[in-house]
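Presented below are the structures under discussion, each in the form of structure tokens.
Shared chain: chain A. Partners: chain B in the first complex, chain C in the second.
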Partner chain A sequence: MKDIKHNWWKLLGIILLVYVIIGGLLFEVPEMPVIRQSIRNIYFHVGMWFGMLFILFAGMVFSIRYLLNNRPDDDMKALAAVKTGLFFGVIGLVTGMIWARFTWGSFWVNDPKLNGAVLGILTYLAYILLRASVDEQDKRARLAAVYNVFAFVLYFVFIMILPRTATASIHPGIDGNPALATGDLAPEMQKVFYPAMAAWFIIAWWLFTLNFRSDRLHRKITDYADITKENDNG
Partner chain B sequence: MGETKILVVALLLVIIFLGIAAFLLYLEKRISASEKQLKKLEKERKKGG
Partner chain C sequence: MSSNKVFALLRKEFTLEWRQKFAIGGVLLYLVSAVFLAYLAFDGMIPLNTWNALYWLIMLFAAMNAILKSFIQEHDSRQMYYYSLVSARDYIGAKILYNALLMIVLGLTGLVVFFAFMGNPLNSPWIFLANMIFGMLGFAAVLTLVSAIASRVRNSFTLMAVLGFPLVLPLLLLLIRVSAASIKGAGFLSVAPDLLIIALLVLISLVLSMLLFPYIWRE
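So, the complex of A and B:
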């Protein structure tokens, strides 16, 4: 009972995603040229990207919090958020590539939105590399926090702003926000799309908390082992 | 035939996802247990000076 009280939102995420899988594959969708039945991927591909943006935004907030309060936990939360965001970015990219194969005939096309997405992911991989290249804990945390704030802004520019300045793009979203604007999504798809967004947000947050807690545990165990060793030697 | 195929795919995906979810819940339980154990150890260490 206590477990359910604490974990109700995780169970909600699981139930929602099960509904999304079933509804996403079996419910009616409008028949559209070219895209056809592959439009069902919108519940997965777009959801994963929104989940990624949400968790990367949270990472940026934790980095700002670290810069303000200097609490090591905030730095660890920012790292966990970036790792989770990268995971979602990669699975979002893979689902997008599969979708592209069936609608555009190729896994990858030279498109500003797609190239921007890869550049964004590389920007965050650089965050991980930056952390690995600094030994001093406080210096590493401060550098990483500053970089993380810039990385989010840069990512936003790469996937949201630069593609809109391009003259042509095969990817939807060059003008407006596809699927989010009123009347953009068929009513029968809205029944699955909005729960899908909620489900991916919840799953992203859940993975982030697991990531953070396991990292914190690892750090505490290492610290504890060091102290015990020191006591034994002394 | 096509309907049955998509039903099987949906079922398979649900099973895979439920498997992943069960693994995550198990992981969560393990982490919680380890956190509790560590807290207890820290308390004992503080008591012992």
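So, the complex of A and C:
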């Protein structure tokens, strides 16, 4: 019983996702030229993108919290969020590329939205590399937190501004936020789309907590190993 | 933030640069060699959009080089000394201002070298110039903070590039667009929205650098 009380949201996520998979693959979708049935990708591909932004935003909040009160847990949470965000980013890219292959005829086109996605992945790979280049825990946490805040804000500004100023984008959703603009999405798709987004947010958060807990356990084990080694030597 | 202290720090930067002329000389030589190399590699035949892309790429690499040294050359003990004298915001403010001025000088020098080797394709030189000044301010605002981070870790140079590229790329793309328009001879009104966005990006980077640097400095 206690489990349900604490973890009801995971159950909700699973139920929503099962609904999205069934509904997303079987429900009616509008008949559109070229895109045809591949329009169903929107429930999954766009979800990866929103999930990534959501969890990266959470990561920035943890980094700010770390800078304000220096709790090591906040730093580990920021790292876990970035890892989860990268995971979602890569899957979003792959689902987009498969869709592009069948709709545009090639895996990759030079388009501001696609380039923006790659830029995000590069930014956060750099974050991981930065962490790997510092040995002292405290210094690593501080430098990484500063970079994370700087990077997220600049990245967010970039994806908000650039697609709007670019003259040509063949990616759906020209006016900035794909699929969220009212009237952009057919009503019969909205009843799957909104639950899908909710489901992906929940899954992103769930994955993030798993990442964080596994990192924390890993650190406990290495700390413990260090202590016992010291005792053996002493 | 006190303008007196910022000014004193700025003067210190200029004095330092003047005393070790090899550093700025190195960056200038790097610039000239890179342009000459590009000239030879393209066999002297350079289309307009290539001119534009080359200019900004070479400026970006020169900026990385020039700005990285602004923190690496300061020893830890000297940083402690500054720490006891001025606030972190004065310090980063002076660094950014100095790097921006340095980059504008480099940008102008680069332009002269480009003119010498590859001709002058600019049809709206004033737009190019305004864009360049904004751009150099932006490079300074973003890369100074990155250099503060990179100077504190192992293999600073690689890290400077890896951390810096994704962060300046949005700015770089906008700069290249406006400067392409200035080559085509666009009017001021047609590039005004882009210039405004560039100014906004510069402002955001400046504010973020000011807010975040104190946390790096606290060691």
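Going forward, the second predicted complex is superposed on the first by the 228 of 234 C-alpha atoms of A that agree within 3 Å, B and C clash if a C-alpha of one lies under 4 Å from a C-alpha of the other, contacts with A are read in each partner's own complex, and residues count from 1 in each chain.
Just so it is clear, contacts are C-beta pairs under 8 Å (C-beta built on N, C-alpha and C of every residue); 3 or more make two chains touch, one makes a residue touch a chain.
Model, not experiment: these values are computed from the prediction.
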| item | value |
| --- | --- |
| First (chain B), second (chain C), both or neither touched by A:Tyr224 | first |
| Touched partner set for A:Leu25, first chain B, second chain C, both or neither | first |
| Partner chain in contact with A:Leu12 - chain B first, chain C second, else both or neither | neither |
| Which superposed partner A:Trp206 touches (first chain B, second chain C, both, neither) | first |
| Larger contact residue set on chain A - chain B or chain C | C |
| Partner chain(s) touched by A:Val94 [first = chain B, second = chain C, both, neither] | neither |
| Touching partner for A:Ser214 - first (chain B), second (chain C), both, neither | first |
| First, second, both or neither for A:Phe158, with chain B first and chain C second | second |
| Contact residues common to both interfaces of chain A (with chain B and with chain C) | none |
| Complex contact set, residues of chain A against chain C | 67, 119, 122-123, 126, 129-130, 133-134, 139, 142-143, 145-147, 149-151, 153-155, 157-158, 161-162, 165 |
| Chain A-facing residues of chain C, complex | 142, 145-146, 149, 152-155, 159, 162-163, 165-167, 169-170, 173-174, 193-194, 197, 200-201, 204-205, 208-209, 212, 215-216, 218-219 |
| Chain B to chain A touching residues, read off their complex | 6-7, 9-10, 13-14, 17-18, 21, 24-25, 27-28, 31, 34-35, 38, 41-42, 45 |
| Chain A to chain B touching residues, read off their complex | 7, 10, 14, 17-18, 21-22, 25-26, 206-207, 210, 213-214, 217, 220-221, 224, 227 |
